[in-house]
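For reference, the structures are reproduced in the following blocks.
In what follows, chain A forms one complex with chain B and a second complex with chain C.
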Partner chain A sequence: MSKLTTIAIDAMGGDNAPQAIVQGAIEALKENENVKIVLVGTKEPVDAELAKYSYDKDRVEVVYTTEEIDMGDHPVQAIRQKKDSSMVVAMKMLKEGTVDAMISAGSSGALLAGGQLVVGRVKGVERAPFAPILPTETGATLLIDSGANVDASPSHLVQYAKMGDIYFQCTMGRKPSIGIVNIGLEEEKGNKLVKDTFPLLKECKDINFVGSVEAREIPAGAVDVAVCDAFTGNVIVKLYEGMGKTLLRMIKAGLMTTFKSKIGALLVKDSLKNTLKQFDAAEHGGAPMLGLNGLLIKTHGNSSHMEIKNAVKQCLGCIEQGITEKMKAAFANNVEE
Partner chain B sequence: MSKLTTIAIDAMGGDNAPQAIVQGAIEALKENENVKIVLVGTKEPVDAELAKYSYDKDRVEVVYTTEEIDMGDHPVQAIRQKKDSSMVVAMKMLKEGTVDAMISAGSSGALLAGGQLVVGRVKGVERAPFAPILPTETGATLLIDSGANVDASPSHLVQYAKMGDIYFQCTMGRKPSIGIVNIGLEEEKGNKLVKDTFPLLKECKDINFVGSVEAREIPAGAVDVAVCDAFTGNVIVKLYEGMGKTLLRMIKAGLMTTFKSKIGALLVKDSLKNTLKQFDAAEHGGAPMLGLNGLLIKTHGNSSHMEIKNAVKQCLGCIEQGITEKMKAAFANNVEE
Partner chain C sequence: MEEVLIEAICNILGVHSSEINEDTNFVEDLGADSLDLYQIVMEVEEGLGIEVDAESIAKVSTYGEALEMLQEYE
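Right after this comes the complex of A and B.
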């Protein structure tokens, strides 16, 4: 048997923990024979969930913890004080190399804080950004950053582009087109950050920088990787979510207004569902936090077992491609600066 | 007969000029007996369009110009050099008080430049923002700013909130709820601009400031007025547009995939069209440029006659409410500062 890839999963993170987390982990185990799962969480509920399934016990380990980080906790304080929380313990294992990757559906703020404080950044990396995957008409676009740094500097954005290039290649197997989120296509457009960053990205010969991308072109799939500060990124991710939900609600309500449309609704239901599923962020896997000493994937707070299972697959692909080693090599030159 | 409100319309602005512009102007004339329209544009095409209609000639004036500002022109240069363009001539009439308001579907950049350089700001106003109207589930939200100032300061955002308060009351007849676009609801969230602006907005006793609004809540109609810098505003407006168009295209394509859904599509067509119409920005009128010495409304580049007609109605409401006088009174105290 080839060497197993070991993935720690924060069993207590997210709205549906530990049920959905444990279920997704067991499903992933069955679909991927080269993975070992380390479930990190509180003894009673995790054991109770595990007892529901039959599975290969050699490939599941449980690490018991006594604390949980809640959505209401202050991120930095929680990471510093709840040392025996499922999230912090999993992060320590990632840092120490006991596991190859980590998945959590827990608080984004705590994951960001813990990523920096516990896991630590690859040497030479200035900020470790969150990179959610936005569904598009033609597939998906990686948006970097949506969490780490709301007042980013040009050098941060250049590093995001390089990290996006590596991550995209590891997951998709081809070199991505990379754009900077802007308010027009011309080089002289933009706020100070974008204007200062644009020429630096043009100088990067190792990435496929295609210039500015306007927000209206993102849903159509104009670029593979879109780079921006975390304030802009957060607005984009949340507006995506809000527009999708609102339009869905309005379409549903609209279909229920006349007898004719009610009949039609029955006939178009499956087709509409498929279309909207294509635009559901959860279908496209979790958001990696890039540039850390180990692969950390954050799934949605309301992650289903499907999303956890998909995140495991996502980790396996990245680890196989040696993502962390590639990140280390790419930024090794920055260390002395 | 009561005094007529005089509105200058840039007959050469936008993709469908002068046909749609002249048609919309004539329709507005027929629907509103207290309006006089001044069409500003090139003699031959404007006269040819006007010849198609019969209308009250006492309430239409044509001012002939010899130049046009194109989308490709550099905004500031175009305003400075094309002194006999339809846009600049209309702006001069607005500045001099020959007309009460002005409508143009022309270049946003040129309108922004001309607003500052030709029409001029109300005394005490630091920046004149663009305020597009975003369709929402419950109606519409005024977004300020989407064009004037990509690197705004806290005092700009506070002024936007005050201008939004006045404009909303003039058009909707009630005091609006006002939020600041943010990446979380807590006061400590945000980039530097938002964190610095938040306490200043809290201190404004004359507006109904309700705190932060996350981008995901905007489509649901969480606030009446949302304040942000122009970079963020532009991202929001364009993502709105892009999401709407992409989802519509995907839904249409999805409905054509099976025989069942094709039949269903015929039955739900009207209902879907109504729902999506509700979410079409063009249905909600033009974007005012606030804080100028006169009311300037920018309609979409691809404005139809309907949008021009709606913009005339929008102007009439604002003028009736004395919008410019209210702006002047609100910022008179700032002049000495």
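Right after this comes the complex of A and C.
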């Protein structure tokens, strides 16, 4: 058997923990024979969930913890004070290298704080951004940053572009096109941050910078990597999700209005399902926090078992490509410069 | 204590010790954010075996203030 990749999963993180987390972990185990899962969480509920499944016990380890970080906890204080929480213990394992990657559906704020405070940034990386994958008409776009640093500087955005370039190549196997989110396509458009960043990105010869991208072009797949500050990124993600849900609700309601439309709905049901599946973010796993000394994936707070399973697959691909080592090499060069 | 603090600052912010003096402001002079400051304090805590109150950290903005705060926990 080839070497196992070990992934720690915060079993207590998210609205559906530990049920969905444990179920997703077991499903991932069955689909990937080269993975070992370390479930980190409270003994009774985790054991009770595990007891529901039959699985290869050699590839599952449970690390018991006594505390949990709640959504309402102050992120930094929770990371500093709840040292025996599932999230902090999993992060320490990632930092110490006892696991290759970590997945959590827990508090975004605590993950952001812990990612930096416990796992730590790669030397040379100024800020560690969240990079969710947005499903698009042509595949997927990586949006960096969607929530880590609302007050970004031009040098941060340039680093996001470089990290996005590495991550995209590791996961998609090709060089991505990279755009900066703007309110128009012309170079002179935008706020100070965008105007100051644009020429710096143009100077980066190691990335495929294609210029500005307007938010409306992102769903069509105009660029592979869209770079912005976290305030802009978070607004885009929330609008994307909200718009998708509203449209879907309205289409469903419209299809149910008359007898004719109901017949029509029956006829298009399968095609519609397939199309919608392409736009299901859970299909792509979670959002990596880039630039850390280890691979940390954040899944949605309401993650289903499928999202957890896909996040494991996402980790395996990244680990196989040596993503953390590539980030370290890229930014070590930056430091030397 | 000074050595541990300076080492942590240099290590985390990637700056040289010559850039640090009593009045050096973490955010304005060294480009730190609030998490960087916590990270520095956590490294010092680990090095010295102390535990600093989060409220005290929030009040710190310069190297001199950080040193003064840490000395209270020594």
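Note that the second predicted complex is superposed on the first by the 332 of 337 C-alpha atoms of A that agree within 3 Å, B and C clash if a C-alpha of one lies under 4 Å from a C-alpha of the other, contacts with A are read in each partner's own complex, and residues count from 1 in each chain.
Simple rule for what comes next: a contact is a pair of C-beta atoms (placed from the backbone, for glycine too) under 8 Å apart; a residue touches a chain by one contact, two chains touch by 3 or more.
This is a predicted model, so every value here is computed, not measured.
Peer 1: Touch check for A:T275: first (chain B), second (chain C), both, or neither?
Peer 2: A:T275 contacts chain B only, not chain C.
Peer 1: Report for A:Q116: first if it touches chain B alone, second if chain C alone, otherwise both or neither.
Peer 2: After superposition on chain A, A:Q116 lies in contact with chain C alone.
Peer 1: Between chain B and chain C, whom does A:T5 touch in the aligned arrangement: first, second, both, or neither?
Peer 2: In the superposition, A:T5 touches no partner, neither chain B nor chain C.
Peer 1: Looking at the overlay, what does A:T65 touch: chain B (first), chain C (second), both, or neither?
Peer 2: Once the two structures are laid over each other on A, A:T65 reaches no partner at all.
Peer 1: Just checking: does A:L247 make contact with chain B only, chain C only, both, or neither of them? Give me first, second, both or neither.
Peer 2: Touch status of A:L247: first partner only.
Peer 1: Which partner, chain B or chain C, touches the larger number of chain A residues?
Peer 2: B
Peer 1: Under the contact rule defined above, give the chain A residues that sit at the interface with chain B and also at the interface with chain C.
Peer 2: none
Peer 1: Please name which positions on chain C make contact with chain A in the complex.
Peer 2: 14, 31, 33-36, 38-39, 42, 54
Peer 1: Enumerate the contact residues on chain A facing chain C in the complex.
Peer 2: Touching chain C from chain A are residues 76-77, 80, 112-113, 116-117, 120, 123-124, 126-127, 149, 335.
Peer 1: What residues on chain B touch chain A, complex-wise?
Peer 2: 136-137, 150-151, 181, 183, 190-192, 194, 214-220, 229-232, 234-236, 238-247, 249-251, 253-255, 257-258, 260-261, 263-272, 274-275, 278-279
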